[in-house]
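The chains carry the letters A, B, C, D and E, assigned in the order they are written, with residues numbered from 1 in each.
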Amino acid sequence: MISLIPLFPLVGFAVNGLWYAAVQSRPGGKSASAGVTGGLATLAILASFVVSLMLFLQLQAMPAESRVIEQVAFNWMQIGDFKLDMAFRLDSLNTLFTLVITGVGTLIHIYSIGYMGHDATPGKFFAYLNLFCFAMLMLVLGSSLPILFLGWEGVGLCSYLLIGYWYADMEKASAGKKAFIANRVGDLGFLLGMFLIFTTFGTLDFVQLKSVVTAAGHGALPAGVALGTITSICLLLFLGCTGKSAQVPLYVWLPDAMAGPTPVSALIHAATMVTSGIYMLARLNFMFSLSPDAMHVIAITGAVTALFAATIAIVQTDIKKVLAYSTVSQLGYMFLGCGVGAFGAGVFHVITHAFFKALLFLGAGSVIHGMSEEQDILKMGGLRSRMPKTFFVFLIAWLAICGIPPFSGFFSKDEILWTAFSSPHGSTWLWAIGAATAVMTAFYMTRLFSLTFLGQPRFKESHGHSQHADHAHDSHAADDHGHGHGNGHGHSDGIHVHESPWVMIGPLAVLAVLSALGGFMGIPHMSWLEHWLEPVLGAHHGIAEGINPSMEWTLMGVSVAGAVVGILVALKLYSNLGAAAKIKDASSFLHKVLTHKWYVDELYEAVFIRPINALSKGLWKGFDVAVIDRIVLGFGRVSQAAGQAARTIQTGSIQVYALVLGLGLIATVGYLVYGFAR
Amino acid sequence: MDLNPYFFFAFAGLAVAFALMVVLKKNPVASAFSLVMVFFCFAAIYAMMNAHLVATLQVLVYAGAIMVLFIFVIMLLAVDVESFDLGRSHRGLRVTAGVMTSTLLALFVWMFRNTSTFGKHGTHTLEQIQAVGGNTQAVSQLMFSDYILPFELTSVLLLAGIVGAVAIAKRQSARKEAK
Amino acid sequence: MSALVVEPWLVLSFAAVIFFIGLTGVLIRRNILVLLMCIELMLNAVNLTFVMFSKQLENLGGQMAVFFIMTVAAAEAAVGLGLVIALFRTLRTVDTDQIQLLKE
Amino acid sequence: MALLDNHLLSVLVFLPLVWALVGLALPAGKEGGVSRIWALVGSLLVFALSFQLYGRFDAASAEMQMVEKLPWIESLGVSYALGMDGISLWLLLLTTFLTPIVILGSFSAVEKRFKEYYFLLMALETGMLGAFVATDVFLFYVFWEVMLIPMYLLVGIWGGKDRIYAAMKFFVYTMVGSLLMLVAIFYLAHQHQVQFGSYSTALSDLYKLALPGDGWWSIQAILFLAFSLAFAIKVPLFPLHTWLPDAHVQAPTGGSVILAGVLLKMGGYGFLRFAFPLFPAAVAQYQGIFMILSVVAIVYGAWVATVQPDVKKLVAYSSVSHMGYVVLGLFSLNSVGVTGALYQMLNHGISTGGLFLLVGMIYERRHTREIADFGGITKVMPLFAISLMIMTLSSVALPGTNGFVGEFLILLGAWKANQVLAAIGALGVIFGAVYMLWMFQRVMFGPTSNPENQKLKDLGARELVVLLPLIVAVFFMGVAPNFFFSKMETSVAAFLKRTQPALSAVATAQNASSQQIETTESQ
Amino acid sequence: METAQTLIRPDLLNLTPEALRALLPYLVVFAGSVVALLFCVIRAFNPKWLVTWVAVVVCAAGGYLSSQQIGAPTQGLLNGMMVSDAFSSFFNIVFLACAGLTCLASVKYLDREKLQHPEYYVLVLFSALGMMLMTSALDLVVTFIALEIMSLAVYVLVGFRRADRKSNEAAIKYFILGSAASAIFLYGVALLFGATGTMNTREILSAIQAQPELVTPLFTLGAWLAILGFLFKVASVPFHMWMPDVYEGAPAPVTGFMTTGLKAAAFATLVRLVVGLGYGKGLTQMVQDHLHTIFWVIAALTMVVGNVVALTQTNLKRMLAYSSIAHTGYLLVGIVPGGVGGYGPVVMYLTSYAIMNLGAFVVLSILAKKDDSGLNLQDLSGLSQRRPWLAFALSVFLLSMAGIPPTAGFAAKYLLFYSAVQAGEIPLVIVGVLASAVSVYYYLRVLVFMYMKDPVESADGAAAPTGAFWASLVAASLVVLTFQVGFLPARLLEIAKRVALGL
């Protein structure tokens, strides 16, 4: 039954993919409409969702401690003591992920039918989407690390394919490649971590692993395993997480990933794939919690990422870039939560974040759609009246991410902040960074919101086009050649802003509801979620000594207040762009650094890419060709030269020939004489 | 060795001198005549060693037949060219060759000097040879019994030599016919 | 009384001298005919060695060998001179320095 | 069919040659039409026949199976001995599988001297199959050398601009390597005579030899190095790899595919079949060095591949990297690593073979392989793009494809043997993605700006038929590796068993010496 | 006592039937050459084809008679001057086969070169007779005379293209250096005679084995000079200088005959000499060691120099000459250890080498244009397209020389090096295999021109000679033999071993 969950999208992928490859891509082949292919894909993922839901209900009916459903599909590989089953296991942790993936996935699929309505190759797009869902489901359902890794790499691939979906634009293709390679760097850590686990514990299956690792009792090291080994394992795996979940130092790919179609950004780069790192941490929480050092690293990385990305987000002007950095920042929160031991809080934030960030992205997509591919928020403004539905759902999402109660973001973020403060792994500093980030989040989100929806339009509007929204943006979809920013600017007539069709708004509405109410599953002190996750994540860890539990309410107040302040400042500031510009001028250096994202890309380019490229060229020309080949050919040349030299004796003169004969005679007879004389 | 040392050294010295002339004389005819003189000296030494048949043949075959052939060819060819005195090869070669052969000579002589054991003696003592009728008798008898095979082979050799010499030296009639 | 005795090595050395004079001739002369003569010198040195040993070891085999060598020398001379004539017909020379068409 | 029952291997080995000889007698036909159909039918027949191997192979036994043995040069103990086990089974099938693909793939690539081309391909198949089933070192050497000539001619006659240079380099390089192996073979046979009183070059007899193997320059070590030189050149292992880029680039497509697909495997196969069981102590001694070299090959090959301006050369250097994995896995000397290496050999045959075929297809259309000449091909050749993407993914070892299984197991095995080297080797995972994807991007993505590229035709039916089996294999091998492992397992274990005592002996010796150092230091 | 004593031993002249049978091959060949000579002289017959066929038939008959003798017991003939044993009988077959095939393959060539003189065949027969006698001889005087019979005939054959300067030059060079080497050999024989009192190698061997003090400096010098004479004939470095020039200048079939028959004869005699002079089993330790070192160095040098210089050659005949030097080096590897174990493989190698080299030169003689021109590498461009079978045959022969399986050359080289490894000569074998790795390059270069280059349109390209039926037949049969020995070397090896055992 479990294997049906990934199977449906796989079938969807196969049908759409083969249909596309065999028919639609042929010369003269006609593209199927987005409605048909998208409908097919949506059906597939919907079926998964239904199955997930059924299984979820089934789980719920079970007693808490035995909430596990397992299925072994087949034996994948077996060599000696290394045995690996293609097996799935559903428990209380990944059932949530499954629901989010299939649920949000379904919504995004539906949304895409509208959004990609005029794309040239919707068949391909939906095949990719289904493939992604398949991989993501494998990731969360896998019963062992290699299966997880299979999904892990699979989602990376889909991310690559979808970011580079409009491949004709070299920059987008590059962004896809960047994503894949940055992910690969992380995967290296994952792989090695996996090896280390196998050589240390002899198994890669989660359940077995847990029983081995926790054999010595909770919080105690298993017999014969050094703490250093555990720490190494955790850090290696965490390297994988930094790649997949876009943490410092491997986060660089995520902002670029916005080159893909917006639903992709929502699905992959906000709601699901990037949270797989959290999933893994949560899955292996028993391991991570053994190593305080690793936990510290994770918490600090999370906090730093959160803050760092927030600073960049403040100055971005591309609507999707802002959201991308915000995603990085929010992921930082999640890691902060996990790092301080609150895996439950991390998972909670994953879920709420999936709702509101998907909503934000899809809303942004709707805006972009309505603005005929315009993505620069400085060229928007005043969309409240022109796209009222979008405005409304966006409002909810905005409030959710800013952490305004009672929207979902508030609950999850607050729990993370509180544990960061109170947990034995936490500290005031971590809380402070988190809180500061919260303020900044509120600020830049408000900036985004304000610049997009409020105020006056900063674009030239055109009227008189057809009332039907579908016709207004045929420019971008008819031909993917010229797709990109340039197209939006090319409308000398101005932009006909229009509200999106119902297939897009519908999912938005659902997500809005979830964003608004999703937080109630984890209300502090009576959290259904925490209880639900207890079999996997263990009981709540309690708080460090010397922390007054009542501080929780104080801190909550402080962070909400901070968020409100951030919102108000931003609203004030961006109601008048002139004032904003002044501040920008006043801090031109800082602004420049931030706009260039702290020059991290440039740094990587200078430190890794160029040197290795130069080294490679050097090795090729300077070593392969100049040394090895020269040596090899040198043998030949030396032989040739020796041959030439020996030829010169061969003068053709009888006397010389006789002379050489005589010399041979002397040498040999002399040697014999020497033998006798000795 | 019951060889008269005075005569031996005299003839040996003469032979060496003439041999040097063979090598050093520019004119091939002079070389040829010097060679004849060497042959004569050798014949004398053979005679002193009681190898009478060999001494005779030395004169007949070498000094007679072979040298005549040489002179004949020299004359035959010399008619056609202006200068037949080609002299010697260039100096470096000459010096190297000289050094080389002297060294070799020294090495050989060292080998000879350091040998005291020789092979076992045969049965052909002087008395034995006298008994069968002298050197010529003895050699001839051996030739037709012990050495019958090489003797017969010399006939094949001569035949081959004749065919070869004819084949190589005859006027190129075949070619002309073909033309 | 003469203390002077012709020791075998002396005869051998004399033969070697002649042999190497012949070899030197082969090395330094350019006229092919003289080269042929020098080879005759070498053969004669060998003959002398044979005769010497024949006498010393009281074995007529040495003299037999000389007889055969003479025959061979004659045949060799015949063929060799034939070759020289053939060569002279085409090259109009007997100079070894002129016959270096084949080399390297 | 008593012939098939008793002499299946012989029939399999020599059928291609005989078939090809008959083909020589036939007319070539218009544009080589007769020749190529004849060759295709023949190779398919061989492929079908090779299924018999699969069916009759008993996976539970580590012994040589379907053994044939005839005295050949009795006085030297040389016999015509064939046999196969789980190690050779898949390599044989790979060979018979790739040959029809190559032949079909060459239909349009070959434009001259058709008859000879197909003759040589089939003759090559005989050589390759023979080398995989020979259980006598002499016989193996014979087949090993015999393979060279058809390949040499294939490169030299139908190759690119510098084909002669490449062909020469290929031949002489390989020959130099194998000749020292020949001397080592002599020595082994001689030792057999010394130790057992009779000459023999049969592998099973030579396994029994007791050769001193302590230290770096023991007899075993020297013999091992002699064998290894031959195999390392063939693999090719850094730094003996420089013939490969030239040969690959210059060879015609079919040649490249066979070269990458099968010939390189001879090296790995040789290590496993000959070097390991014959010289266990030396293998244990040199394990580290070979692992280092293979790790260097992995990273080095990947780096150099990154900067290649020529697609084919890029794929060639990627072979260096991938075969580095193979050697790494082999020298990890544990069942996981060795199985992974064997599997990687198959994978490499499939994926790199596929890549070469694809490069060949685009070359036929554009007559260039410079990456800079391409761009935006996806637009005009979507099926080509899909195929290339699949092969690329297989090459970068994406889970779900065959490449992953191999690399994963190899790295896991290597990790067990030496964690640092495995970690460095795993860097190849990153760099592999870098060069493949960058190449893919530059060739396939971007605007189709070059007008010559705009009119390219997508893959035709024949080309799809060529590629489909490979694509299916990529996924099948990625999903169901056990299908393959189950047949190899026993044999691999049997081979490794011989190295284990030596391995532990070397380990103890090293421990002892390090302890000694420690004690002396503590004193 | 007046009874006249006599040295004549009538028993020597009474030949037993066995002895007669043993002598029969020689007599037949001699008689055959005389008959052929008569046909030359008597113009009434049309000798053009008759002499050829007489020669071929004689060779065949002689070969058949010799083959009957292989199994016969060893017997010394005519005062032990020569011996009829398996070794000599086997080589008789080889020589006669070479001679016969050369005659057959030469017919068209001589026609084309306008050299169709019947003396050619007579001389081939004479030289074959010389070879046979030389290999059978035990007495060094007989060896010498036989050597001269062979050499004189071959000198003339080399210069047979009388109107061609190259041919003349080659003949005169060969003659002068050959005569000098003969003189050196003879000098050695003289010294040996002095040192041991006999010229019969059997007796020399038993003498020094019985009396080790006989291994004097004089003996050593004599032995070495005698061996050197044959090292010259087989063209081992540094006594090899004559060979490339001679091979290049000689008519192609003659070169083929020389590289095969003459080389095999010289080498076989060298083996007899080496055995007879006690190398490996009769010399004092010091002399043995020193001679071993000398042989070792010469073998190594020969392999290296031959192959390395061949790399630079562009004329096929000349290249094959250098390659022939290299093969001498390989053969010497079989002699260096000084044990009987090495001689069997030497015999085997000589036979295989004769097969492939004769084949190569037959192909060359078919390909050659006027005066053996047109044998440069460039001239072979695209041969595989113009004349595919010839190209194939030449490739087979060349690959066989390179030692690539499954050809005779590989099997023979394998066995040769194998025996050397057994004898502990591993470093030498390594030199050998590395040298043969070098050799691969130049052999393959020929293939490059034949197969990988396109035909060039030369001015007289149209006049490419065709239609050499007999020569083609010879080449084809040699290809078959090359493969046969390559695939099934066991039989030949058994024979070779047995042959060598009797030494």
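In the analysis below, a contact is a pair of C-beta atoms (placed from the backbone, for glycine too) under 8 Å apart; a residue touches a chain by one contact, two chains touch by 3 or more.
These numbers come from a predicted model, not from an experiment.
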Self-check item: Minimum number of chain-to-chain contact steps, subunit B to subunit D
Solution: 2
Quiz item: What are the chains that subunit D and subunit E both touch?
Solution: A
Exercise. Between A-B and C-E, flag the pair that has more C-beta pairs in contact.
Key: C-E
Quiz item: Distance from the CA centroid of subunit A to that of subunit C, rounded to the nearest Å?
Solution: 97
Quiz item: What whole-number Å value describes the gap between the mean CA coordinates of subunit A and subunit D?
Solution: 37
Quiz item: So what's the Cα centroid distance for subunit B and subunit E, whole Å?
Solution: 29
Quiz item: From the C-alpha centre of subunit C to that of subunit D, how far is it in Å?
Solution: 65
Quiz prompt | Residue numbers of subunit E (touch at least two other chains) | solution = 141, 145, 148, 152, 155-156, 159, 162-163, 171-173, 176, 180, 184, 193-194, 197-198, 217, 220-221, 244-245, 441
Quiz item: Considering subunit D alone, which of its residues make contact with at least two other chains?
Solution: 172
Quiz item: In subunit C, what residues contact two or more other chains?
Solution: 8, 12, 22-23, 26-28, 35-36, 52-53, 56-57, 59, 61, 64, 68, 72, 75-76, 79, 82-84, 86, 96-97, 99-103
Quiz item: What chain pairs are in touch here?
Solution: A-B, A-C, A-D, A-E, B-C, B-E, C-E, D-E
Quiz item: So in the complex, which bits of subunit E are touching subunit B?
Solution: 4-10, 12-13, 30, 34, 37, 77-79, 81-82, 114-117, 119-120, 122-123, 126, 129-130, 133, 139, 141-142, 145-146, 148-149, 152-153, 155-156, 159-160, 162-163, 171, 193-198, 207, 213-214, 216-221
Quiz item: Quick one: in the complex, what on subunit A touches subunit C?
Solution: 647-648, 650-655, 658-659, 662
Quiz item: What residues on subunit A touch subunit E, complex-wise?
Solution: 636, 639-640, 642-644, 646-647, 649-650, 652, 654, 656-658, 660-661, 663-665, 668-669, 671-673, 675-676
Quiz prompt | Interfacial residue positions of subunit A with respect to subunit D in the complex | solution = 21, 25-27, 74-80, 82, 146, 149-150, 152-154, 157, 160, 164, 167-170, 173-174, 176-177, 180-181, 184-185, 187-188, 191-192, 195-196, 198-199, 481, 612-613, 615-617, 619-620, 624, 628-629, 632, 636
Quiz item: Within the complex, which stretch of subunit A touches subunit B?
Solution: 653, 655-656, 659, 662-663, 665-666, 669-670, 673, 676-677
